[in-house]
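Look at the two complexes coming up: subunit A is in both, with subunit B in one and subunit C in the other.
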Partner chain A sequence: MDWQSSIEYITNGKHLAWYASVRFTLIAAVLGALFAVFFGLIGAGLKQSKWSGLRLIGTVYTNMLRGIPDVLFFLFLPLAFEQTVEYFLAQASCTSAELADGSTWPPCADAQWYLTTTEYLLMACVTFGIVYGAFAANVIHGAMQAVPKGQLEAAMAYGFSPKQIFWNIKVRQMWVYALPGLSNVWMLLVKATSLLSLLQIPDIVLWAERLGAANYVAFKGLIHDDWRWKYYLVLFVFYIILAYVSERFFNWLQSRAGRGMIEVR
Partner chain B sequence: MRKLLTTMAVAAVVASSMSAQAGNTLRIGTEGAYAPWNYLDDDGKLAGYEIDLGNAICEKISYKCEFVQNEWDSIIPNLIAGNYDAIMAGMSVTDERKETINFTAEYFPPDPSRFAAAKDMEFDFANLKGKKIGVQGATIQADYVNETFGADNDVLSYENPDQSIADLIGGNVDILMADASFLEPVVNALGSISFVGEPVAIGGGVAAGLRQKDTELLKAIDDAIVVLKADGTVDKLIKQYFDKGPFFAQ
Partner chain C sequence: MDWLLNSSFVQDIPVLAKPALFNLYFALAAIPISFPFALVLALGKNSPNWLLSNFSRGYIYAFRGSPLFVQFFMFYSIALSLNQAYLKPMGIDHIVLHPLFLGPFVLTLNSAAYAAEIFYGALKNVPRGEIEAAKAVGMSGRQTFKAVTWPNMIRLAWPSYTNEVIFLFHATALVYFTLPVINEQKDLMNKAGELFEKDYALFTHYSVAALYFLIISLVLFYISNLINRRLNRHRVQKVSKLKVRPNYVR
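And now, the complex of A and B:
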């Protein structure tokens, strides 16, 4: 194949669809990270709560979620959530005879919740948030403990209110200690975005598989044998670039969060 | 947390009511990797006999067609789970499948299954021993090969049809069994493999699969298929994609 037809091939509709599918990966990473920070803050809050019951919930959350393989949880949560929603829809809209029958799920057509890519993507983001929120909770919890006690005592001596101490001293300085850990969690999350195709989201991995699949008949397009490795190689490069950009970004964030503070390490 | 859960539940219900409102949309599940029945063309769009036929059916029953790509081995469970309303994926009618789903009128006559192997290879199908036989999982061929040759041979089951061909060419399997309609264009295009043995008639004709409770939809699609067969549309499409027929001309 000469270079001109090569360029034509890699810019045809199915390749453009592949490039465009990167949006799912990026949305899942960014939205997933926001959810992860959210759940991480809640988890960290629970872990240092005054009440032992809440502390227990926080500990169970972080320990359990860090122990369950992310693939498994990724398959479990959206399915469980879908069926829970359908359960409530069924209670509201199916007749009691249909509910009692129990041979099919959902019991009646009105209780059917159709999931499109958008809903799956949203559920994927929340799932990432919950799983990586458990890691983030540990990081944030540890970072809050790392803020020197003397700082808090000094603030107290200057007459800061407990709220001011928490937000202006503890949380403000916590980021410096938390960022290296959070950047690790981000890297794990970015890697996990390659799981999206498990929820039938047509992401870069699924498209790579489709485009790389061998083709032997001319009416389908260019004839080639199994090229999946080439497409996977492109994905390797993509993820390496993403990792590099992320690292630069976190370095910048680190220096921003640390401004006005004595170098701690 | 509670607020988030409430928001999620509300969003879910809103989304579901929106899809309920969409009304006259027929979601058709297809594999998208089974040329010439259904495949992705160079534009990344679904194409093939069943895509054209599905659109013709939708037009007849005044529905909007929406194709959903789904892997073959989960195509029946996901129909039942409600991810789409019909399967059009080169699926032969069998008694076993009829236990879980309903079939419409057939839109392709029973398609014989064939064996393919590397060129110039010969096999004694009456006493086949120690061979590696490839099939696509959850197909009529998979059942047939397991029953007929499973005891003395290795049966390798593939998730996707293109991969089974690639492995036949690569020599990972000795014999591949699949629908003749799928194998013919490939064997014709490739010099390195050819048909061996006799064609075997296994399943019934090819039809669309529906959930058993959707009887009204079944009736509507059935009627549409009868009309499309009578007016020559089905034969025309079969001629275009398989260079066969006519089967249904009156």
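And now, the complex of A and C:
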């Protein structure tokens, strides 16, 4: 194959769709990270709550991933949400005989909830948020403990209310301490975005499978045998580059956030 | 008691016992090779040899920087592409392409990179004074390694290594999402998914699968704690118990 037809091949419609599907990966990573910080803040808040019940919830939430794999949650949570919605749809639209039958799910056709790619993507982002929020909660909790006590005491002496101290001092100051841990969570999240195809989202992994599969029909494009390994090799390199770029970015952020501070690593 | 024994949750427990063994097998088959390989990589990264050090560094970076999910697909497709030309003529295609071989193989490559980073960190934290003392009493490099560096390194790395093993066990959940399922050889995720498609009882099946993961993780953790106590038996201070740390360091 000469270079002209090579370029033609890698810029054909299917390949352009493959490059465009990177958007799912990036959206899931960025939106997932935002949700993770959100759930992380909630988890850290629960962990240091005054009420033991809330503390228990916080502890269970932040510890659940130590014993159970994230993939399980990644499959379970979207399905659970879908079923819950379908349950309420069924209550509203199915007959009582259909509801009592219980042999099929959903009980009647009207209660079937068809999800589009966008909805799946959003669910994936929220799931990433919940799962990696548990890690972020641990990081944020630790970082809040690392805020110098003197600052909190100073705020107290100035007559700040406990709420003000929490939001204006603790949450404001903890980011610098949380950054190294949060960058690790981000790295995990980026790697977890490869799982999007499990939720039927046509992401880069699914496209690699489609494009690399052997093709023996001329009108479908270039005739080639099983080229999947080449496509997966590209993904392998892509993720390494993504990790490298993220690492550089977090190093820069760390040095920027830590300016004027002596103790931070 | 009858309602309890007849509940689908309890009835799932024996059904998912065999699949749990597959997950356990993948992890246990990967550890014996990934452990020495990780040690070699860690020592390689620390070595003054330019080539060795950069190879280890690159390997660790590549396998820690890319998702295991993609690594599984990649190695499986590479094995498939080598099938006609090399594996079949050599008569080893049935072994190499079998998920019970390829699964632990990829897990080994992946886990070794993570463990190597842990061992490398421990290697850097071996007390300098002890190494200097060994030199001062005239120990050779080999003796120093055997008597000072090695025991210190293992002791320091052990808590993190335990976590790595537990997350290796969790990573086995990915094997059958990427490799072909042969007959009834199914792991927890597979079987839970299959049961779910039969009766849509999502909460029951997945929570039993989660329970198996949780219990096996705790057992692995307990065993590792015993080893940790043995590794630290010479120390005067009371050694704090191992803690399961979340894998945000992974």
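Here, the second predicted complex is superposed on the first by the 253 of 265 C-alpha atoms of A that agree within 3 Å, B and C clash if a C-alpha of one lies under 4 Å from a C-alpha of the other, contacts with A are read in each partner's own complex, and residues count from 1 in each chain.
As a convention for this text, a contact is a pair of C-beta atoms (placed from the backbone, for glycine too) under 8 Å apart; a residue touches a chain by one contact, two chains touch by 3 or more.
On a predicted model such as this, the values are computed, not experimentally measured, just so you know.
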First (subunit B), second (subunit C), both or neither touched by A:169: neither
Contacts of A:140 with subunit B and subunit C, given as first, second, both or neither: neither
Touched partner set for A:126, first subunit B, second subunit C, both or neither: first
First, second, both or neither for A:28, with subunit B first and subunit C second: neither
Touched partner set for A:223, first subunit B, second subunit C, both or neither: first
Touching partner for A:184 - first (subunit B), second (subunit C), both, neither: second
Subunit B and subunit C footprints on subunit A, overlapping residues: 104-105, 226
Residues of subunit C defined as touching subunit A within the complex: 61-62, 64-71, 73-74, 77-78, 80-81, 166, 170-171, 173-174, 177, 189, 193, 196, 200, 202-203, 206, 209-210, 213-214, 217-218, 244-250
Residue ranges of subunit B touching subunit A (in the complex, touch as defined): 1, 8-9, 11-13, 15-16, 19-20, 27, 32-33, 35-36, 39-45, 69-70, 80-83, 160, 162-163, 165-166, 169, 185-186, 189-190, 213
Residue numbers on subunit A that touch subunit B, as the complex places them: 12-18, 42, 81, 85, 88-89, 104-106, 109-110, 112-116, 118-119, 122, 126, 200, 202, 210, 213-223, 225-226
Touching residues on subunit A, where the partner in the complex is subunit C: 62-63, 65-72, 75-76, 79-80, 83, 104-105, 134-136, 138-139, 181, 184-185, 187-188, 191-195, 198, 205, 208-209, 212, 226, 228-229, 232-233, 235-236, 239-240, 242-244
